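Working notes, beginning with the structure itself.
Chain naming follows the written order as A, B, C, D, E and F, and within any one chain the residues start at number 1.
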């Protein structure tokens, strides 16, 4: 089924390139990145110090279908276990974009 | 000792150092004073560009003499030896990954410590050789590679397939600060006196102002990181002072043995004593994510850096003045 | 029904003003904007170059009810088709704010 | 039940410290913060002026379980009523991180 | 009146002021010209650092004379009296919270207004005493505390349990701008002439350029905020001009009575006339969230600030020149 | 040819140009060196402010002579003619939208190219007339309007109801860079020599340092954009060199015909040869979203800009020196 999902990843800014490469391999139609994200997790507080990017996270959001979602989640898992961060998946009930006609709205 | 004390005082009443203290105080009293991102980056890029360019112009004037070759060889020697011996000391208490990361931190250098030491010399009317900037550039990267090699050699083997030597070398030798300082040095060499006249108001005149501003931020940062050291135990804080002093002493002896000018020996000592809190941590986080940045960053930034710019600078200067006549010069510079 | 939704829009930074105007016309109670968003989509990589805002996106989030959501989605559609971007709608199970009493939690 | 939720809070940047303190008290395993958020709500337009942080919001996202979510929502409520902002809760269908094994996927 | 008019003109044709107008015009014609965050912060931090440091160096030269003590006492007096009387005027039309917040805004000061006034004096070849910077630092915080006290005293009692005096005092006395200017002043005092020579190219030579850049941004901001005043009604805009002029007049009389040098009286007048649009609003937003920042920010930023730097500066100067001989000096400075 | 080669060399060993190369190299070796946002914006705002202000002060000195009127007319002529002829050349291979956008890009100008050319002249001891900055400001906007008009005229009619001429004119004539340079020019005219003395350390002394820093970033950016040109085919890269040279030649002939001073003809040539990578792309993205910014941005930024500042500047200088005596002066300036 072509149902749309949203995958959200927060992880160490240094791994952005790896994740982007990974998404390109999966062949997702697009992604969005917010660069200045701070936070707290198992590795303690990560607060940007303005000088280095050592304690900075990135937020990556991918809207995709369920199949892509599964591939992404699988591929991102080892990065998150090694470098930390979090990845969540949630439901999208409507999607508008150039790439895809709107998927059937699950509400209808 | 009298003269040493006065040197410390005169160093401490220098505006850049005072702004460093102001930053620390602001952070301790929990003021909301902050230098928002990316302004600290502006100052650090500026300082690297200015110091590299200045060094290049000076290097052009002196040319590549025997002393230059000696100094650079000694620099390379320290950059290789320090991370190795530091690693084995650290292994007494720490695991392989953290030992390797901290060893790399102390094997590399801090450009701002160097710069602060230069301004200290200048207030005494002494100007170190421009090629010492080349030594600075040369000492930044090797420790990164050595730290990672040590970790690979001694860590338990796992199915770690993400690792790439290409990336390690890129991180080590092409990181922003190495490249900017080396590039600016070359630009200084190429454009020489004429280039110097062009850029002097920018790279020289406002230099100490920019340094003051940057040290204000470093003070804020250093104080903020001190709290992280709670988890560091009783072993690491003394390490962060003793090893730098040890490295400085080694450098002082080596510098004298190979007949460096005392001013250059001083710069060599401060380079050896300094620890990296920008380039090395960035590389370690990528290559040794198992090491804990909340150990190696605050050690370098919140202990070694403040120690060096306040006590270390006059101390190493004093040591050189006192010991110089007791150490023989082995290599008479031709 | 007064069910709460979340509309998320990522589009060219240059269209922020148009979308804000549009939201004001719809009469939503509020919105939030994150300015520095980069990403990839049908028009290739959009990574900010620090000099111009040419390759920058904005992220806009609107929490609203279903009726407002439908109006917004309809109005945003042509902008996204002309200037690129993506717009997704998802479910909100609880909402707290000054404007509105919490909608009935669908879980209850 | 250990079902995962996402709590999103947008509120005045000045209250970040209070909310972080509050989250630490609740004992959530982590949170992420995006600092430069502008927007509009009951208190009018809040657009950063570059000089002060007077008109700036923060966005805080917490992935947590339902129990934590209820505690957070309750604690955040008075802050939002006094200082403005919005707080929404939505469903997470999969969660990957160091802290927790993936909760049972509600789809399965 | 002739000389006044010419003073206004000469003040208006000063580059920093012209850049302020350029910013306002750019905003009015809806140009996309903007100085992106955090560059305005860079300029404002720079100006505070430079003015504080300069003041400190001057203060070291003059020492703490009787005039210094008189001037600082007068400054403290105004900082306490203005927010109180303003509060009761504002209560005629506004609720307790907004009255307290606006009163605090006008009781405190604006460093950029001060700086612009200094450059005005300098073009006339006059240099105010360095200790007036200490007066500036002294006048920033008290109004914050007084504003909050007034609000607590007169507001209906509720179960407001979030309030903490500790936070209020921290916000008032340890906010970034107070701390940076006071710290830089102390650094100036400590490092003296020698420190001045070190930093002069940074803190003095490029000062007016940085001020111009910053006033360009202030122009953009001020014009942007004017729209917010629509909701302010007919009472507040006149208030934002009359109260500053009144404060300046009070300061002029007081300054003369205690025998301040006219240049210092002028600085005292401009401090009293200025209103805070950074430190006070930040504190008010935290401590009096019930007050509406869309009132107190645009009043200070979009009316009082432009008025002071364009008309106020020459006006207060003119008033001092004209009235000086009619007011007796009560305290003959020993 | 000998002299040309030496000119190229001396131009290339100028620090700002060397920093441009450093940026390109850093990008090619994939270093992580970067100048984080919004610092490039700081440098570009600074350069516009400084060059505008300087031009204004000079213009005040010379007044609006006949030569000024001639030069500005010629500038306007080129700004109108270039986008039109470029459009029809581009239509050979490209669709209407991309042709219009690229034509506008090449019809407009690049302020940094202009600035780099000024510093080149200055090292030769020549100072161009301040009014050429007015020509710069004048040539920025018209191409935007013409590009959009061309697209409207030749594009297939659709139900495009979003388009507004008001917005086009606003984007063209009130965009940040046009406004800042024009405003600073006016401020220079108003404040004259006296204003110049006030701001000189800021706008003149540190100018080349700021330019170097900015060109470092431009090098990073230009190299990053080169990859985008893969999709540009075989037609556009040569276009991005030939059309600028052609425009420069036209300007050289026109400049001579109307009797401009060679230094001003040189500036006119470099303006005509330069292409916009800030103002025009921003306007095109809004008004012609159908055009592909991955074509017009890298053409201007990654080909034309580096070509002009490295080869173009000495080339056009050489051409003027060689051809000057063969072209008759039509308009004898009274």
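By our rule, a residue touches a chain if its C-beta (ideal position, glycine included) is under 8 Å from a C-beta of that chain, and two chains touch if they have at least 3 such contacts.
Small disclaimer: the values here were computed from a predicted structure and weren't measured.
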Given chain A and chain F, the chains that contact each of them: B, C
Shared interface partners, meaning chains that touch chain E and chain F: B
Distance-maximising chain from chain B - centres being C-alpha averages: C
Of A-B and A-C, whichever chain pair has more C-beta contact pairs: A-C
Chain at maximum distance from chain A, centres defined as averaged CA atoms: E
Superposition rotation for chain C onto chain D, Cα-based, multiple of 5°: 120
Geometric centre distance via CA averages, chain E-chain B, whole Å: 42
Distance from the mean Cα position of chain F to that of chain C, given in whole angstrom: 37
Residue numbers of chain B (touch at least two other chains): 34-39, 41-42, 201, 205-206, 282
Overlap residues in chain C, where contacts from two or more other chains coincide: 34, 36, 90-91
Each pair of chains that touches, named by its two labels: A-B, A-C, A-D, B-E, B-F, C-D, C-F, D-E, E-F
Contact footprint of chain B on chain F as seen in their complex: 13-15, 18-19, 22, 25-26, 29-39, 42, 123, 201, 205-206, 208-210, 212-213, 216
Touch list for chain F against partner chain E, complex: 37-38, 41-42, 45-46, 49, 53, 170-171, 174-176, 179-180, 183-184, 186-187, 190-191, 195, 198-199, 201-203, 205-206, 282
Touching residues on chain D, where the partner in the complex is chain E: 12, 14, 36, 44, 48-55, 82-83
Chain C-touching residues of chain A, taken from the complex the two chains share: 4, 6, 20, 23, 29-36, 61, 63, 90-99
Touching residues on chain E, where the partner in the complex is chain D: 34-41, 44, 162, 217, 221, 224, 277-278, 281-282, 285-286, 289, 293-294, 297
